[in-house]
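Chain IDs A, B, C and D follow the sequence of writing; residue 1 opens each chain.
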Amino acid sequence: QIEPLIFEIGHHETTGVDLDEPEAFTPRLGGLERKEAIGLPGLSEPEAMRHYVRLSQMNYGIDTGLFPLGSCTMKHNARLNERMARLPGFSDVHPLQPVSTVRGALEVMDELSRYLVTLTNTTTVALSPKAGAHGELCGMMAIKAAIEAKGEGKTRNVVLVPDSAHGTNPATAALIGFTVRPVPARDDGWVHVDDVKKLLGPDVAAIMLTNPNTCGLFENQVVEIAKAIHDAGAYFYCDGANFNAIVGKARPGDLGIDAMHINLHKTFSTPHGGGGPGSGPVVLSARLAPFAPVPFITAENGVLTLVEQAKDATEQPFGRMTAFHGQMGMYVRALTYMLSHGSDGMKQASEDAVLNANYIRASLADLFSQPFGDKPCMHEVLFDDAWLKDTGVTTLDFAKAMIDEGYHPMTMYFPLVVHGAMLIEPTESESKASLDLFIAALRDLAMSAKKGETERFSGAPYHAPRRRLDETRAARTPVLKWTKPAPFAEAAE
Amino acid sequence: QIEPLIFEIGHHETTGVDLDEPEAFTPRLGGLERKEAIGLPGLSEPEAMRHYVRLSQMNYGIDTGLFPLGSCTMKHNARLNERMARLPGFSDVHPLQPVSTVRGALEVMDELSRYLVTLTNTTTVALSPKAGAHGELCGMMAIKAAIEAKGEGKTRNVVLVPDSAHGTNPATAALIGFTVRPVPARDDGWVHVDDVKKLLGPDVAAIMLTNPNTCGLFENQVVEIAKAIHDAGAYFYCDGANFNAIVGKARPGDLGIDAMHINLHKTFSTPHGGGGPGSGPVVLSARLAPFAPVPFITAENGVLTLVEQAKDATEQPFGRMTAFHGQMGMYVRALTYMLSHGSDGMKQASEDAVLNANYIRASLADLFSQPFGDKPCMHEVLFDDAWLKDTGVTTLDFAKAMIDEGYHPMTMYFPLVVHGAMLIEPTESESKASLDLFIAALRDLAMSAKKGETERFSGAPYHAPRRRLDETRAARTPVLKWTKPAPFAEAAE
Amino acid sequence: MRYLPLTDTDRGEMLARIGVNTVDDLFADIPSNVLLKAPLDLPRRKGELEVERIMSRMAAKNVPASSVPFFVGAGAYKHHVPATVDHLIQRSEFLTSYTPYQPEIAQGTLQYLFEFQTQVAALTGMDVANASMYDGSTGTGEAVLMAHRVTKRRKAVLSGGLHPHYVDVVQTLSKMASDDVVALAPDVSATEDLLASIDDSVSCVVVQTPDVFGNVRDLKAIADKAHQHGALLIAVFTEVMSLGLLQSPGSMGADIVVGEGQSIGNALNFGGPYVGLFATQSKYVRQMPGRLCGETADADGNRGFVLTLSTREQHIRRDKATSNICTNSGLCCLAFTIHMTLLGEAGLKRLARINHANAVKLADQLAGVKGVEVLNQTFFNEFTVMLAKPAAEVVERLAEKGVLAGVPVSRLLPGAGLDRLLLVASTEVNTDDDRAAFVAALKEVL
Amino acid sequence: MRYLPLTDTDRGEMLARIGVNTVDDLFADIPSNVLLKAPLDLPRRKGELEVERIMSRMAAKNVPASSVPFFVGAGAYKHHVPATVDHLIQRSEFLTSYTPYQPEIAQGTLQYLFEFQTQVAALTGMDVANASMYDGSTGTGEAVLMAHRVTKRRKAVLSGGLHPHYVDVVQTLSKMASDDVVALAPDVSATEDLLASIDDSVSCVVVQTPDVFGNVRDLKAIADKAHQHGALLIAVFTEVMSLGLLQSPGSMGADIVVGEGQSIGNALNFGGPYVGLFATQSKYVRQMPGRLCGETADADGNRGFVLTLSTREQHIRRDKATSNICTNSGLCCLAFTIHMTLLGEAGLKRLARINHANAVKLADQLAGVKGVEVLNQTFFNEFTVMLAKPAAEVVERLAEKGVLAGVPVSRLLPGAGLDRLLLVASTEVNTDDDRAAFVAALKEVL
């Protein structure tokens, strides 16, 4: 199943878009017209349709099978949400058309904000961040702005980050000039308040803590940690990547967080789309609320309006994250999800997600090894590779062998604090029947590995659009775009 | 790749549609409430999505590859057409809402009629037939009505049908009481006016002639045949299944036809959809126009209106073909196709379709055998199985082996007048590059067959969602619905 | 042109391989005086944007059901279809596939047809169902022809409650085939004496329930009488949703059940495409028209599905075929079966209850309007009212006020003296506001 | 609930296997005083029909671009996107897939990213492009950070023609990272002396062309001066369509090219999601932020694609990463690359010419209105006019008349004394009627 590249099948003169040439006119380009060819191939519409349909057939998606990628929350993407996002009143409005012509769009943003603030028990929300990592940046900028407002900008420049954190956490902190101080991992998978206290001091600006954490556990000392952080004059940034486990079960504001980004594409099921676009609104506590970036929405005499520049002294926005108002398309999808589920459905979804993960855990516990002991997890279950010792099979091999069984692999080698980590997140979208088949497949593979059937693993995948790909070669001699093969180029001249 | 049936994975209590129970009320069903269970399984939305996506993955479509099914015209289905058909002004209007609220719908029908009448040079068109065969029925009914109006109802009851005709032709004629008199096949693939004349007499009501015919040839004596038919007081019904070869190149009205159905799903590319819905408007000559069925559209003082019952004496509609106004959804798609292509594009499409077929013919002529000699064809090229003699490979085997090469087989064993027929219709939607790959694959298969590599054929397909299916078993002991397997039923009690 | 991949260079190379000079050499069989030299007098090709504008302009002249309080029925019904349905039927592999003649690469289509047949058989209470007909009306015509084949008689009795358009379709077909039809007079209150029409010359009795006036009919006595005389009972429905709440025609003794499936999964589409449902008893399966999908196994022993019993069909039997039909309503079946699967038994029953509840509410509210009399004792989601003024006029005036109120009986039965009758339907899409608007507008008009 | 497949029976069986009594036993780590006992005070779940009504009601309060004469630009543009694009990006296998971390089952995503990178590199005239950024503005911020890494300097010079929101984004990021920014004054007529700002302390010069006021800028002299001083030229565009007609930034000497790709394939979406394009020279590739897809081979030797050079990225390098970014605009890239493939070189150039031609027509017509002065000597599809009255007021009054006329400069640059300036964009969607309506309305208002 090899599909040629568009550059191999397209022609410069071919087009799949019919346009009439404009009548003759005098251009006003100041003599900067392009003279050279661009080098873009065109395809007629039938050719393009087939090319992309065939490409899609080489992909795996939630709609085609269980997608247990831990930390990524591959839940069902309802098509109602897609339909709503395509209503011309949402998809066909410009960010800078008069505010009087987009009241409904502001209403969507305001309603989404109300839901997010209610679900988290916080004070306000900055909607504009374009993805989770962008949300982290937003939250940390708000913290930095607050620290500077207190005149501590020069002294508070350390951020505590547990070793188990997503890489985006330290990267974000470093990006805006913080120094990262790691919080070491413990063998129970939890961050301990005592460890945190030891690292606290007048130089600490914030902690970045993921909760539920990347080991699939709810941080059971989170309230104490928050108190210690606040007592030290620092802020609590919560990585909300795993908020989906506790929506309707606990409110981060009640746990003491000051800022938390919410991945609308995870928790509220806007589609991942092969890597984006995401959306990462950030909820903020009362302490950080004044520093929220522009733009934001306020009500003036009951009419929603958009604030694109700060106007009065109670607002001290730290700046602007992006050109316009963030990911409207995702707001619509997320709000549609929330209206559909309701408070009861969202709570049930969290419970089912946790139930599904624990069902997998309980069903594999006799064969797989759990790094932090046999105890309940949240929405994802973490195994390590201790059980594969001496089998000659690695976590990578095991993952690739899952492909041959018709499954997308789980997240592997993350979190880094666990050796050969396998992080499985089934989400609430899977039926029990689906989980039972998945469990049976994993048990069969595990038995096979233990029996020493290494070929099944080392050569996997055998039944996929491609066999295992050479990633080393790709990185060593990067080929990042198509270039016309030399012989053909010569022949053409 | 086995996907369970919904009955095997669904539950009676599960639903993928959230509805609130109505408040208590007194039903008015006259005591005829259903008491027993229906036996319908339900799936949640994520389960349903995955079930049908997976089913679709077992299908082959134009969008996934070349689909050379002769006589079926598997051309590109533009998504613009789908989008237009879903405009609420078309998809969300009721056939019986006040005519004053559907003027735009009538305009679509009127505009489509104008295009069809212009392309065929006929007088009027009956839009309502629901498919090609339904159109044949409509046309033959109009002919019968015209004959009866002339007082010849009792005497003219024979319809001439060439042996090469689609089975729908004789079936249609027989359905409304005509006797079928076959026109024998000739070894040049054409119907000869001399043969027709021999069969003509005062008992002949009509001829049903396909043009271009099912052998892929334009009936070169069609004008003479039409004259002979008319001279004998009979009517010329043209099966328009192959009209797509000559749109913009010749007008059936100029050839002398009295009625012809047009498969909108073939000629004007409304999607075949796995077997329908089709749409089969029938154009009528001036002689038949008064007998067109209801409903039809007329303009009263420049305003379009719908005639659902005949009102004045110039109209003698033979009756009604279907409850409402036909396949509006298909009208919109076909009209969108016509507006997009324009008169120039439609002509070009015919030329390209014919060019593509002849390119395949010329590229395979040395290996494959042509039943009627090596001469140009129209939009489809017909081979027989003479060239497979003594290879041990049948037309069926050859077709199934094409599946392993990634292609949908051509039409096989039709037309019946040719032994082991292989009828290939590439359509204008294929690029030259696509045809070259197809030709190379067929040449490779042909060489393989001639070399006696019979296993490649007799066991084919090897690489498809299923190996060859047992059609005999299916017909001998028909299993036409799922029934709960007995052992499980007992276990459940 | 965006849809045509060949370039002029391609065309030149291809003509060369074929060995002709111009493309018109390939059209040499067309008599030269007939061959068109220039494009016809129709507009030239247009870009997407322009086509969209033209089509949208026409669409904008129509009033969509969703945009107003909407109570129009009489054989086609406004229901809410989940977004998933339309998404799935647009999958390339469904939309752009053909009739599954090559089952090895068409199991997607075949399996959903098999599931569809099973669902339809269950709903109707029959042994077997086919893979769909064009729509309910043409299916009814086919059912009558089938009854003639089974009974070897040629006289059909049509109830006065059968949708008048269905009556027309049957009569047109019968007239052409020189068969007899006895069409009883329009029967507003379901009081006709059908039993009296049944004798040994009758091939079939065709009865609709709920009938076109909305009355729910008990078929048992009719079935018994028909069977006593060797005739078949053909039960017809135009609102498949009713089967979620009413006894199945099969359980009441029907021999053939046929009807319109549009309500499940399919849009109004100004009348088409729709999907005809058709079911019968096992013993008649070989006389049944239309496609059938059956279970079998492949060479590896895996379960698979194929089109079967095609020896009944026109492409094999030609003029001896059971029908001239050679398609079904594939995509509409698919929409039906997906929507039905999403509903499931629990969802269908609940949805049917909501429909009935809304209709009951509406009937009670309309009954309170001066000049309106609700005629029905029984109904599902549609009923007949007698107005103080001609219904066609009232409907027109209500349309001007933005309420689409229903179908005047005079539109279906002109000249039948039923001009003051109006058919009113109510489904799950109607809200309290819709009903209030209807009542208010009606009060103004009457 | 329609989205939740577990039944209560399932839940019971699963809890039993896990060995706990209630689901809350699994939430035992949440402090009990924090664990919510009842659902939050938000509405209960709703069916599709009801949700559609609520969302549609909000949507109906907005004025869609297609419904009126529309001339709004300033960084986002109304273009026509072929129906094929939106159909394809909704394919389940694209829409519901993840970042292609498992390349063996993600070749669809990876191949289109590789094709996308090649297209972007060609368009911008650069060696390499990444697999997209969030949008043009954040991409510009990343470009500045990248320049700082490459030059090991920390001062950026921003042209006064750079979109003010882009300036804000760069300044916010720079302020937080304690980097220096020299933002030149708004430069309506492209007369600023950028060269004067360039010295050996400068990391990069950021210049937009066509600039926010529409002026087409020649970058060659700036590139030369920057390179003389060891600084990089970052070329920015907010209207990618312009690259069909204008010399590529690469050919004018840019070191990094970054911009907004929304115009190709993507809807307006009230500002997002969009797709940031980012390209640079080969020598800087390891300092480039964002995902990269590269070609390689599989174990059978077949060509395949993988994400590569990820050692630059946060999940490996953590606080040493080139950026904290860990997604791209996957589906928006896909829309971009499909639309670009449909256009092809010929189509893109023609479409760009149409845009320019329409803008020229509009400029000439507006220039004829009393109280309107067109300020631009050069422009592509957007230009600046000086009005006799404050632009914000005029725009509001035109909106009341059903014309969306453009962006008042005061909205982007409040307090800059440019209140009478209006940015006006015109694309292929504008018709003669649109222009006539604009001119007529403007005459009434001025």
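To be clear about the criterion, contacts are C-beta pairs under 8 Å (C-beta built on N, C-alpha and C of every residue); 3 or more make two chains touch, one makes a residue touch a chain.
Quick caveat: nothing in here was measured; it's all calculated off a predicted structure.
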item	value
Between A-D and B-D, the pair with more C-beta contacts	A-D
Equivalent interface to B-D, taken from A-D, B-C or A-C so that over half of the residue contact pairs match	A-C
Whole-Å gap separating chain A and chain C, where each centre is the average of the chain's CA atoms	46
Between chain C and chain B, distance of the C-alpha-averaged centres to the nearest whole Å	19
Residues of chain D whose C-beta touches two or more other chains	1-5, 7, 45-46, 48, 52, 82-84, 86-87, 90-92, 342, 428
Shared-contact residues (touching 2 or more other chains) in chain B	11, 13-20, 43-47, 49, 53, 57, 62-64, 76, 78-80, 82-83, 340, 429-431, 434
Complex contacts: residues of chain B adjacent to chain A	9, 18, 44-47, 49-50, 53-54, 57, 62-65, 75-76, 78-79, 340, 429-431, 433-434
For the chain D and chain C complex, residues of the former touching the latter	2, 48-49, 52, 80, 82-83, 87, 90-92, 342, 428-429
Contacting residues of chain C [partner chain A, same complex]	1-5, 7, 45-48, 82-84, 87, 92
Chain C-facing residues of chain A, complex	11, 13-20, 43-47, 49, 53, 78-80, 82-83
